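Pasting the structures in now, so scroll down.
Same chain, two partners: subunit A is paired with subunit B first, then with subunit C.
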Partner chain A sequence: MSAYEYDAVVIGGGVSGIMASLTLASEGFKTALVSRGDPVCCLSTGCIDVFSHSDKPLGGIRALLPDHPYSLVGEKGIVDALCFFLEIMNEAGLPYEGDPGRNRKILTPIGSVKNTCLVPQSMAHADMPPGEYFHVISFQGIKDFFPSYLTSRHRNSTYSVYDAGVPTTLGIAARFDDATFLDAFITWLRGLEIPHDRVALPAVLGTIDPASAMEKISRAVGRKVFEIPTLPPSVPGLRLFRALKRVMQNRGIHLYWGKEVTSVERQGHTIEAVTLATTGRAKRVQGRAFVLATGSFVSGGLFAGRDSVRETVFDLPVAVPGERKDWFNTDFFSAGHSIERAGVRVDRSFRPAGAKIDNLFACGSILAECEIMSFQCGHGLAVATGVAAAKSCAQGLS
Partner chain B sequence: MTTFEHCVRCTLCVENCPVFKVNPAFPGPKQAGPDAQRFRLDGERSVDDWVRLCSQCQRCQVACPYGVNVSEIILKAQLKYSHEHMSPFAAHLFANTYHLGKLGSLAAPITNAVTSSAATRKIMGVLGLATNLPMPKYRFFSLNRGRRRKGRRRASRKVVFFHGCYLGFNRPDIGRGIRDLLAGLGCRVVIPGQTCCGLPALGNGDLEIAKRFARKNARMLVEYIDRGYRVVYACTSCGLTLVHDYPEVLELPEGRKIAENTYNVHELILDLLENDAPDVEFGEVDRTAAYHIPCHLKALGIGYPAAGIFEKIPGLKIAILDDNCCGLAGSYGFKKKNQQTAEKLGTISAFAIKTLEPDALISDCGACRMQLGHYTGLPVLDPSEVIIASLEKGASKESRGKRRIP
Partner chain C sequence: MIKTDVVIIGGGATGCGIARDLALRGVHHYLVEKGDFANGATGACHGLLHSGARYAVTDPEAARECIGENAILRRIARKCVETTGGLFVRLPGDSKRYRDTFLTNCEDAGISTEVLSASRALDLVPELNPSIEEAVVVPDCSIDPFRLCMLNAFTSRHKGCGILTHHKVIDIVRERGRCTGVKVLDRFTSQIKEIRAKIIINATGAWGDTLARMGGSDAPMTLSKGSLIISNHRLTNMVINRLRPPSDGDIIVPNEAVCLAGTTSIPVDDPDAIEVDSREVDLVATQAEQMLPRFGTTRLIRAYTGVRPLLKAEASDSRSISRGFRIIDHNNGMFSILGGKLSTYRLMAEKTVDAVIKELGIKARCKTADIPLDGQDELSGYPLSKRLKGIDNIVCECELVDRAQVENAINSLGIQYIGDIQHRTRLGMGPCQGGFCTYRALGIMQETGRLTPEESIEILKEFLQRRFRGIRPALWGDQLREEQLVESIYLGILNMGQQA
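Here is the complex of A and B:
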């Protein structure tokens, strides 16, 4: 069966791949996205860390070495890409806020504070002035969320526990979608007569849109309300992914989900098609250009053998920092294992360097030197390079 | 091939499990699948009764980025458990939906009156059947009656239509519509005598019955394939059984061959429209519809081919919904022990659909349509019904000299 030819085929369903495909579709190109499964973004806090290693993301990026992928995008490119992301999230009905010039603080489930740049509205009030009092609501039996951790680290806080009937974050979130459950919860909450300035809950306020539940609660108790991201399974991560997926589908991007790319058809300097390991019979997806956004080791874009690192779809050359003995620090928790720098090097047009392929572009955490763990810049880098690589791809197409 | 040992415990499968979301008694696909698999031994009797709470929607397997066959592990554990323990009456009944359908359609008006009577529904409740949804209505003029062959005998494209039980006994009108549509697009279509694909038997823990059904179908399908036919399915669950379970779970020797030659009907139509009949004209359809993607279409991994056809229909506005399972999962939701799970999931899906304020609901799966039609109150359509309606309108503009679709 001969395949339909797409203008662009994006490989990888994480934030960078999604942002790349949305950019291409918004420029009028017929786009397909293939992914072998759900992205790690579903397990994330749902926040967009642009550069959380310092208080000022753009300032921190300026100080990076010139071979960091951010420098290929440039400051204006980064800001534009983040604005595009904010627009998309508005369209998706899951608005985000934040300012690329300044990081904000969010509360973590162990009571520490974390820098991040763009947050879903449900976490907007997490950035508290020092000395404000807050009350934590936890749920009976909920896993990996211990309010006493939080209160032991913040003297100006207290907590109460509600029985939602189910102990899991996903289960509780599904119950919050139901108006009668929400009303019962609000009645209970009012009964507590909380004297504090703010109310904090684990991120379980509904699976799709936490805004309406939050507003109802906030109005009923007359306090600012915010969510605290939880350990995986993470509801805000899932909301982010599903919201982005909705926009992709609304914009006519075709998704091929759950099957990996098993082979690539290359003709000279051009990739012509990829084949998916579809159940029963392989599926060929044909395109004029391809964007590689398969992520790093954890997402399977890179595979580390004993002594070498391999790029798993196109077998592109991978830049590796030294020999295996140099890859890791002896102290596991110290920032910066040099293996983090491994990845695909790209030229200024985001084409993989040294691959001699004209219609292939790479973005996201598969890029060399990105060190997303050290700099805490995962989603920000994904958004910025996803949009930039797609723009370069669009130029190549037209 | 990856196995339970490749699971990194990331919980992406858990995030996608509909049953886990609403039923705390089910520990979720990670624990029921790869985690528990470490402790399952062939020679030891199964003790994990909760494994039967899995509805086999396969969303876990689609979500898993490491390619772990989560739902297949669970299915095999379900089969082992059922083999070693007494199955409830409802399971025996639903394993044989084909025979029920055959009898039901033979005595259609009586069956329909009986299954909808209050007394019968009381008895059904006692026998462990759910009574919240009306039972599907049977049609006497089933697909195995009437015209079984259509299209030019010498056509270069030959297809054999595996329609499955639901279109066969309950909605033969949709089946005939698909037969005529494919013939109109230039195919030779055959509707062969066929039995149940075997999925209801697998889902109800009866491997032997599933194999019996599957072997019959496999023999028949291979004969056609050898004569140059392609197999086409419209029911996505039947399709998944043919391409996945025949070779992998039931281990039929013909399984591979069947899998390689089997196509989703919309995949085929899209191909015909691109290559054989590019000048077909679609008429305007003024509709805003929600397109609910059945779990098993997702699991097939072929994308959403019907959505590709909808793009060609002027005036048709589609919102794709693929994050929720309708909850019925074939016969799963018709069992009393799963009734609450099915109800909760049906309500969640219906809520997401209704916020879009569509005027109709489209879905490839008959069971999804039954369940969501009930919970949304919207008119429900098979994708082919929408396509045919549009083509009929397009064909009436024949004066413009475009190709005509019967």
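Here is the complex of A and C:
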């Protein structure tokens, strides 16, 4: 077994784990990040929902119960973390915009309108004044995008269909990475009569840098252009993840990608090392501190048995709301299933409560009481608690 | 107004079987069904073609009927029956004396048996609990109830009789105390149609008493709810039974790529107000796990429940009530067929039609046991090679259903309902249970002009509610992960929770 040594080892490669590792690295700590694979943020809209349940994210957060993880971060902490995120995304070449004080609107593929806080620039123009309409561009045979859903809800809107030669969003996005394809698309678009000031497309404007493609199209046709995030696998989620990963690499964070923690070494109140299964020799990764950011059920940080819930890396105590029969409401559309509250409880320093471990910190959707689906606060919570847990960890290290 | 000789109410196996029997005896008829085929108990059972062994000890008469029908259906319904064979496994603690009686009674009923040692049984079904004492091979089979109904109804359509699915009986027309027709509501157009007939056959299973009462009579029954669970894998290629007196959760049946395990037996009053309880799921899963240990760790993709229409009896334990059937002549132009089970649907149809044609004054012999079901040649089955052809335009990734198949179902079969597409193409039957593909199929339906965009979103909402009801009692492990992902799509990305 080969051994490696770090100040901090972050487990989990989603938004919270990445933000935690970037925070630690920016404070000068030698940091490693272990991830089982690409995170579920690749399946998301790519937007940072801070608290989409109400129009004012910070106002909504103020009304939360004190045991919600946001209360551990505090308002200033949340705003600072979001600003840090905006900086990072600028550095990554995928600039985001937005204001923690007020939510903005994006469109969904069925034409409903959704609140979110920070958006990639390619979605900025989706926030329209009432009464304004748009022209939708769809693609031949595209699987999860039906323009008539948009035009039926936005009555004066119109649509046209372009044949990109592939039916999947990822496939079309890959074509948009190619300048000749983009030029041909623009030529076609210029030939259309576009009756509105805005042009909407499913989010397929390239796999890396949608803002440049958007600018180019916008200049060519003299219209504001925006993207609509589609169903998984979705391009904006993938772009977000890849951009964050690039910054981690630039900042010298050591990545153990596609590696799973198979065992944990604990000495008294301290975690000393974790062992990773690899295709070759098992790796022993030592750290002075550890950050747990493995997410909730979908990501695999929590696993529900028939009657209990387990934390999958350190076997930490998990708060479980009631019996299985009560985990889910009977109505699919009533968010607030009690299972959403399951997770790891932490103290004010983000150390897991009741675990008696001094050098372990937890962040992201693995935290108890976060109710991400009810409040629509997934990535915002990940950013805020990722940064906050890392700061607490940094304090412990120095 | 439509005129015919016989109206059959109910598109389950019995109703469809009666339609085919009448068609082959040359009697014109209409079949009306409020949903799609196999909407009631037919579609909510194990899909087990009994050898009769399960009833050998408790109900020898039913056992003899089963083995007789088993042989007939293997012959006439090849495309619906998978001749898997079945095992009765004896676990440590299960009575050896019961096993001896079982073997004797099977022999008396004419059911072939072969006793296998534990190791030979494990050779046949490697996932069996290795601590079984022994196993008995019987000729149980797996049967596709939906396909069975469809093919039975095919003959009637072919001979110019009417098969009206999604038509609900709202009234029974009576003249001087005699039932002379039905009024049905076309659920798609909301149009009311009247069908006049000489005889009305009530083959509505659990709804039998309701319909009989509409006709001015009654048909007392005991209703018993049976719940089942579906595993994500085909863990056995043979039907697995527990070698003990019939009880809860002791049958596992392989079907296409999955396994069905059940059932429970709980008396109920209203067939329209039933749901699976999470305790039933635990009970069935625990029992199934004893025979196939992997049932405990395999992902369960859904739980469902159906209502058995049992003959009224004094006994309060619904398992001990006979699974036999009875034909009631209400002496008012209506006949009700009550009780019975999927395996004996053809026999039930034969006896019902015998009674009906006597009333009509017609003499014709039953031919359903001799002629194979029509339409089987056209069935393509489920060849992977065919399904991979449209790989670029796959709509349902779990079951490899492509856009052309969905469009074909919509255009050439004239399908109006998403459920009908699912039944005919297997769309949405896999691990995600339609979580991804139903949205797409509905999108395609509204693109073809079958539905408006608004209607298709409404149907999507109804579908998601219904799907959730089926999944909710079995949510743990990987299925819970998948469910939260589906939630994040519809409540998160599409924001359907907030939108009116």
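By definition in this document, the second predicted complex is superposed on the first by the 395 of 398 C-alpha atoms of A that agree within 3 Å, B and C clash if a C-alpha of one lies under 4 Å from a C-alpha of the other, contacts with A are read in each partner's own complex, and residues count from 1 in each chain.
Assume a contact is a pair of C-beta atoms (placed from the backbone, for glycine too) under 8 Å apart; a residue touches a chain by one contact, two chains touch by 3 or more.
What you see is a predicted model; the values in this text were computed from it and never measured.
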Partner chain in contact with A:Q395 - subunit B first, subunit C second, else both or neither: neither
Subunit B versus subunit C as contact partner of A:P232, first or second or both or neither: both
Which superposed partner A:L43 touches (first subunit B, second subunit C, both, neither): both
Touched partner set for A:S263, first subunit B, second subunit C, both or neither: neither
Partner chain(s) touched by A:T187 [first = subunit B, second = subunit C, both, neither]: neither
Contacts of A:R242 with subunit B and subunit C, given as first, second, both or neither: first
Partner chain(s) touched by A:F333 [first = subunit B, second = subunit C, both, neither]: second
Touching partner for A:G300 - first (subunit B), second (subunit C), both, neither: both
Subunit B versus subunit C as contact partner of A:Q140, first or second or both or neither: neither
Contacts on subunit A seen with subunit B and repeated with subunit C across the two complexes: 40, 43, 167, 232, 234, 300
Subunit A-facing residues of subunit C, complex: 277-279, 282, 285, 392-393, 395, 403, 436, 439-440, 443, 446-447, 452-454, 457, 461, 464-465, 467-469, 472-473, 475-477, 480-481, 484-485, 487-499
Subunit A-touching residues of subunit B, taken from the complex the two chains share: 10-12, 14-16, 20-22, 24, 28, 61-67, 240, 242-244, 247, 258-263, 267-268, 270-271, 274-275, 298-304, 307-308, 311, 319-320, 322-323, 347-348, 351-352
Interfacial residue positions of subunit A with respect to subunit B in the complex: 1-2, 4, 32, 35-40, 42-43, 165-168, 170-171, 174, 177-178, 208, 232-234, 238, 242, 245, 249-250, 252, 254-260, 276, 278-281, 283, 299-300
Subunit A residues touching subunit C - in the complex, by the definition given at the top: 40, 43-45, 108-110, 112-114, 141, 143-144, 146, 148-149, 151-153, 167, 229-232, 234, 296-298, 300, 303-306, 324-325, 327-328, 330-335, 339, 373, 376, 378
